[in-house]
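For reference, chains read A, B, C and D in written order, and residue numbers begin at 1 within each chain.
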Amino acid sequence: MGNYKALDGARPTWDRGDMADTRAVTEAESRQQFYDSLADHSMAPLWTSLHDLLPEEPRSQAVPHVWSYDIVRRKLLEAGDLVSARDAERRVLVLENPALAGRSRATERLYAGIQLVLPGEIAVPHRHSQAAIRFVIEGTGYTTVEGEQCRMSMGDLVLTPGGCPHDHGADGEDPLIWLDGLDIPIVEFMRATFFEALGDEPMPLTKPVNASAAAMGRARLNPPTIRGWDAAHSPLFLYPWTETIAALEALHASGQSTPTDGSILEYVNPVNGGPVLPTMACYAQLIPAGTRTDAHRHTPSAVYHVVQGEGTTVVDGRELSWSEKDTFVVPGWAVHEHVNESQQSAVLFSVTDEPVHRALGLYRERPAGQRRGG
Amino acid sequence: MGNYKALDGARPTWDRGDMADTRAVTEAESRQQFYDSLADHSMAPLWTSLHDLLPEEPRSQAVPHVWSYDIVRRKLLEAGDLVSARDAERRVLVLENPALAGRSRATERLYAGIQLVLPGEIAVPHRHSQAAIRFVIEGTGYTTVEGEQCRMSMGDLVLTPGGCPHDHGADGEDPLIWLDGLDIPIVEFMRATFFEALGDEPMPLTKPVNASAAAMGRARLNPPTIRGWDAAHSPLFLYPWTETIAALEALHASGQSTPTDGSILEYVNPVNGGPVLPTMACYAQLIPAGTRTDAHRHTPSAVYHVVQGEGTTVVDGRELSWSEKDTFVVPGWAVHEHVNESQQSAVLFSVTDEPVHRALGLYRERPAGQRRGG
Amino acid sequence: MGNYKALDGARPTWDRGDMADTRAVTEAESRQQFYDSLADHSMAPLWTSLHDLLPEEPRSQAVPHVWSYDIVRRKLLEAGDLVSARDAERRVLVLENPALAGRSRATERLYAGIQLVLPGEIAVPHRHSQAAIRFVIEGTGYTTVEGEQCRMSMGDLVLTPGGCPHDHGADGEDPLIWLDGLDIPIVEFMRATFFEALGDEPMPLTKPVNASAAAMGRARLNPPTIRGWDAAHSPLFLYPWTETIAALEALHASGQSTPTDGSILEYVNPVNGGPVLPTMACYAQLIPAGTRTDAHRHTPSAVYHVVQGEGTTVVDGRELSWSEKDTFVVPGWAVHEHVNESQQSAVLFSVTDEPVHRALGLYRERPAGQRRGG
Amino acid sequence: MGNYKALDGARPTWDRGDMADTRAVTEAESRQQFYDSLADHSMAPLWTSLHDLLPEEPRSQAVPHVWSYDIVRRKLLEAGDLVSARDAERRVLVLENPALAGRSRATERLYAGIQLVLPGEIAVPHRHSQAAIRFVIEGTGYTTVEGEQCRMSMGDLVLTPGGCPHDHGADGEDPLIWLDGLDIPIVEFMRATFFEALGDEPMPLTKPVNASAAAMGRARLNPPTIRGWDAAHSPLFLYPWTETIAALEALHASGQSTPTDGSILEYVNPVNGGPVLPTMACYAQLIPAGTRTDAHRHTPSAVYHVVQGEGTTVVDGRELSWSEKDTFVVPGWAVHEHVNESQQSAVLFSVTDEPVHRALGLYRERPAGQRRGG
């Protein structure tokens, strides 16, 4: 690639070897004919597609969008009626980006869904190379991951990392509803999808309930037994909301905030301080009452869930108004800012594909309005 | 996800809150109606697409294919005639996978092209977030990367990592032809593509010619000045073929080989022993005369270039016969084995997307015939 | 090194070059004469010291020892009387290993002291390449590290990493007493000790009080601003006891314990999950009522402080009985087991030189009674 | 530590608890009495030793020194006569720093010796936790490490990392003489020394001769089989001089040099680009004819061996003149500069304890004459 030019205008000559069948043709007439001949040999000219292949800046296809929980919940419960227990394998509504309809994704790289488990239902164990995060919206129940039952209630984050056997169940009085975030589009792009059903019985519990949260869920202390952990994901499967909100409020009370995201914390892998999963990062952030953050943009895309409060996120000039339990997306490279004009703090959870950008050396972040550097 | 079932057959009840408009509908009649209503709200049922989203094993769309250099070279030189010096920005033939026609890629994740620079031509400087490897097929010339001119001749590997300014030129007597391997599809998928032209003049040389190869190109010694290098890519931009083939022959002479790949070596980043680029790895391998390797498969896809010798690679039962300077692709998860029935060693160069699989925890490898684990 | 022998008994001959002055001497008579001649040239025979240099197993010089807090506190307060405010720079009692008297160290590699700051006193700012941990025994006050005031009360762990400016003060009603653990012997061995006084005024506070604890002290969440932290030590300077004990009790309640250490947690660096300092690791552990741990040994040495409860640690056959606020040492490679025959849990804090053993590839651990492997 | 003072001059009071036996004593009379009472309880005042424990800058005990190879070789061969084959386990002359006589070390942290193996002699296999480097001065032979025989001749570097079984032999016509560099003082300080004899027979060869050098000794290519290597040391046991000197000359010819060390390269671990051993780093450097390097100092100490040429190293104002095959030491934190007033390049090999300084966060480097920062 690059803009070639002759050094001196004169056409160089050279030994063409066995090139007897190369015929002189005029450019105007012969290009298409030449292109056709290339296609016969599974080749194509770069020069007709170069600028599409290497645009100056990213062009996301996904658009900003907000899903109102009122609607999502109503539809979910309709699905609960519609889809019988026997078919309940499927009680998930996929949040499809309006610009990616039919493609089962919220952004180009993130799948998001809202899952309903009715009281008394269970999902039998299975595993897949896709990684998932589950963020509880309402109800109580559990996800069992690799023999550890993780109790779930509002605001808890549960990981089912790629390759880890898991099952779910709702053993409370009320429907259990959570946000699913998966890297399905990423794993699909990589052609690295593996799925395995693991029988019809609930997974045997081989560890204490909430074992990883008991060992690593609070304070900055690790069990020495975690040394040598070499999986790509966090060994902590449950991040209890009680701890998360306490940490977030402590940060806020301490006056520590960022210009673009209010007081923000990333859920991390206790082993190495990195993201919870190799493909997805999770954040909790508090936008104080009366705050407008600085607009910026970055290559990762994000799915946000409103845990508390209400506000507006302006994305590429479009206002997404949100309140408690709503979900919205900010596509990659979209300029965005958060606005909280209410009297109380707003708390957002989000899941992004940032770790992929960082691992591949592709992460870029820029304040709104700043011109580019390559 | 997962196969839900009621714990006891009895339908649980619960408080549905403000659910007055939920009407009982029969399953048969109402599903489509329900789906339509979901679409209005940018939602979709998971249960109609679940098995497509989570197949049991990867299904690559790309197919095995070999490009004969005879044809490629002839077409390239035709392009040299057809495309004038002024338009020479574009003197590349893209190797398009037959199953991905029109999509400018050799596999789902790798772009490959054959580039021609005629004697006396130069490409003016530019940079892009896409990373590239250049493997020289014939001719001599240079690529300048970040102010270091890297001399190029047959078999040399030159890196132009993402974000690094670079230009090219052919200052020998003959056409300079090389294989381009780029991560264009990956960067496109990530929506992280940035391109910048850097003027019309050749980049000033700020370092000695071949500086990085002189400092790090041979032996296992690093200049201490490289400490603290924190880029995602190798600081060594030129891997001279003289060193590569000597290393490969020493390995072979020492009797060290692998069941699936003969005697094989990976080009590495001197700073950390990792792949040369965060998105692509490069290998050189020697398949001894009279060898058939064990068949296996792995999630990464690969573009191979034949440096020396001839043979056959059997890919998912399809025989790709190749000889010197040919290029062929092995899609991800395709079972493949290399066969060299000739009297001389065959030497292959390859570029793969393996680092992405490893960074994301998605790498899997399996001997042919072995049944799966999740 | 190694036991050389002639291959065939016959003495080989060779060209001795310019060796005219080598005289034949009988072994018995001439060795000492030869050794003396070596000493003249700053050389020495290896064969007279080989077995001392390379013993089969470590031989620690340090011995197990316990310091009763009754005595320590009484002596400290005597020092408070004896040493005037003007001289108070020095209000520390060094815990000297009985076998290392006069060498200011608790084990060969760890310095331990008990420091007293009287109400109203301050220590003016300074910094040194030695790293320190401070574990509060009683009283209240603060340590300011790099502009962050860390509030101190019973059980809190405060770090003053190597090179970080810090000062201290007791602003409560009572004497502030803490355990100091420093790597003084290690830094002395490395000849890497640097000390700098930083004026007579308290360090200006440039961050919120307890800023790092507010940002990272609880839950598994990191502020994104911590990315790129490249110091060798933890950015978290204060590990509040409230969090530590809660984590320890959660682990214990969950039934998770180790055979050799009860329920044990390591204080970690939030950035990378590693030890808090490059030279020292800190642990909190709970020995349940009625427990005798399995005896084992490891190359690191440790200084223990009893936070709660009472018990006995048997070290190389010697019983160290301890109760609340006592301090004791377990030398490296000493076989040790903890015994708690009381009705309540005992809680121990400890600081060890383990990170050095691990960084240098020298860490070894072995159950008591097991014969060696190299 | 730190300079305490009362906030307001007035002496604070507080509850002294059970302090009845604290008697008022005058400072002048009672201090020694108090100190004696402390000693009875294995305690000591910090204030009498503080300034010795925390000096402003490192004070190395070791002094600069050069060992002339003429003398070393003569004494070695005398030892060859004196020490019979049966006792040949011990044919090493330890280079003792004149200021550390009797302590078997060249600097506070490095052991250096010159070892002689007479033609036909072998050393039977053994292993120890101490790591060693062997730099060949003359003769030919081998060291076998973990079943790989590494052929040795002039200038080759062979590693016998801590814990790796190894043996040696001289199978050429001439005496085999090499420089030993070991971390004996470091491992002794850590009380982590383990030694094991491994029988009377030479170690069986389980790998091809020079296997690691064949696989990793040249070019920047790694066998994929090395992935997952998790030892603390390099898997490359032999760094052939032919490669080293070629790399050094290429660097020099390319005009790449440093102000303080001429053209310098570090031998690295192929797996991670780090030092060859966790405790010791090795360098080769070329001081061009007519060069005086800039004076500087750093905390690590170094043992240098002159491979080629002659010159002078000025260390803390003392001139060490050296020529081919001499060995000299530069203590830690000593200001030093290299001077080559001859007509040919001088080439130095060196081994240092730098990795320990870096691992522990203690590395400091400073130009001569610069005042300190903490």
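By our rule, a residue touches a chain if its C-beta (ideal position, glycine included) is under 8 Å from a C-beta of that chain, and two chains touch if they have at least 3 such contacts.
Note that the structure is a prediction, hence the values are computed from the model and not measured.
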Give the label of the chain whose average Cα location is farthest from that of chain C.
B
Let me have the rounded angstrom distance from the C-alpha centre of chain A over to the C-alpha centre of chain C, please.
43
Find the geometric centre of each of chain A and chain D from their Cα atoms only, then give the gap between the two centres in Å, rounded to an integer.
49
Taking each chain's centre as the mean position of its Cα atoms, how many Å separate chain C from chain D?
24
Sequence positions of chain A contacting 2 or more other chains:
none
Considering every pair of chains, which are in touch?
A-B, A-C, B-D, C-D
Per the contact definition, I'd like the list of chain B residues that touch chain D in the complex.
208, 210-211, 214-226, 236, 239, 243-244, 246-248, 250-251, 253-256, 258, 261, 264-273, 283-284
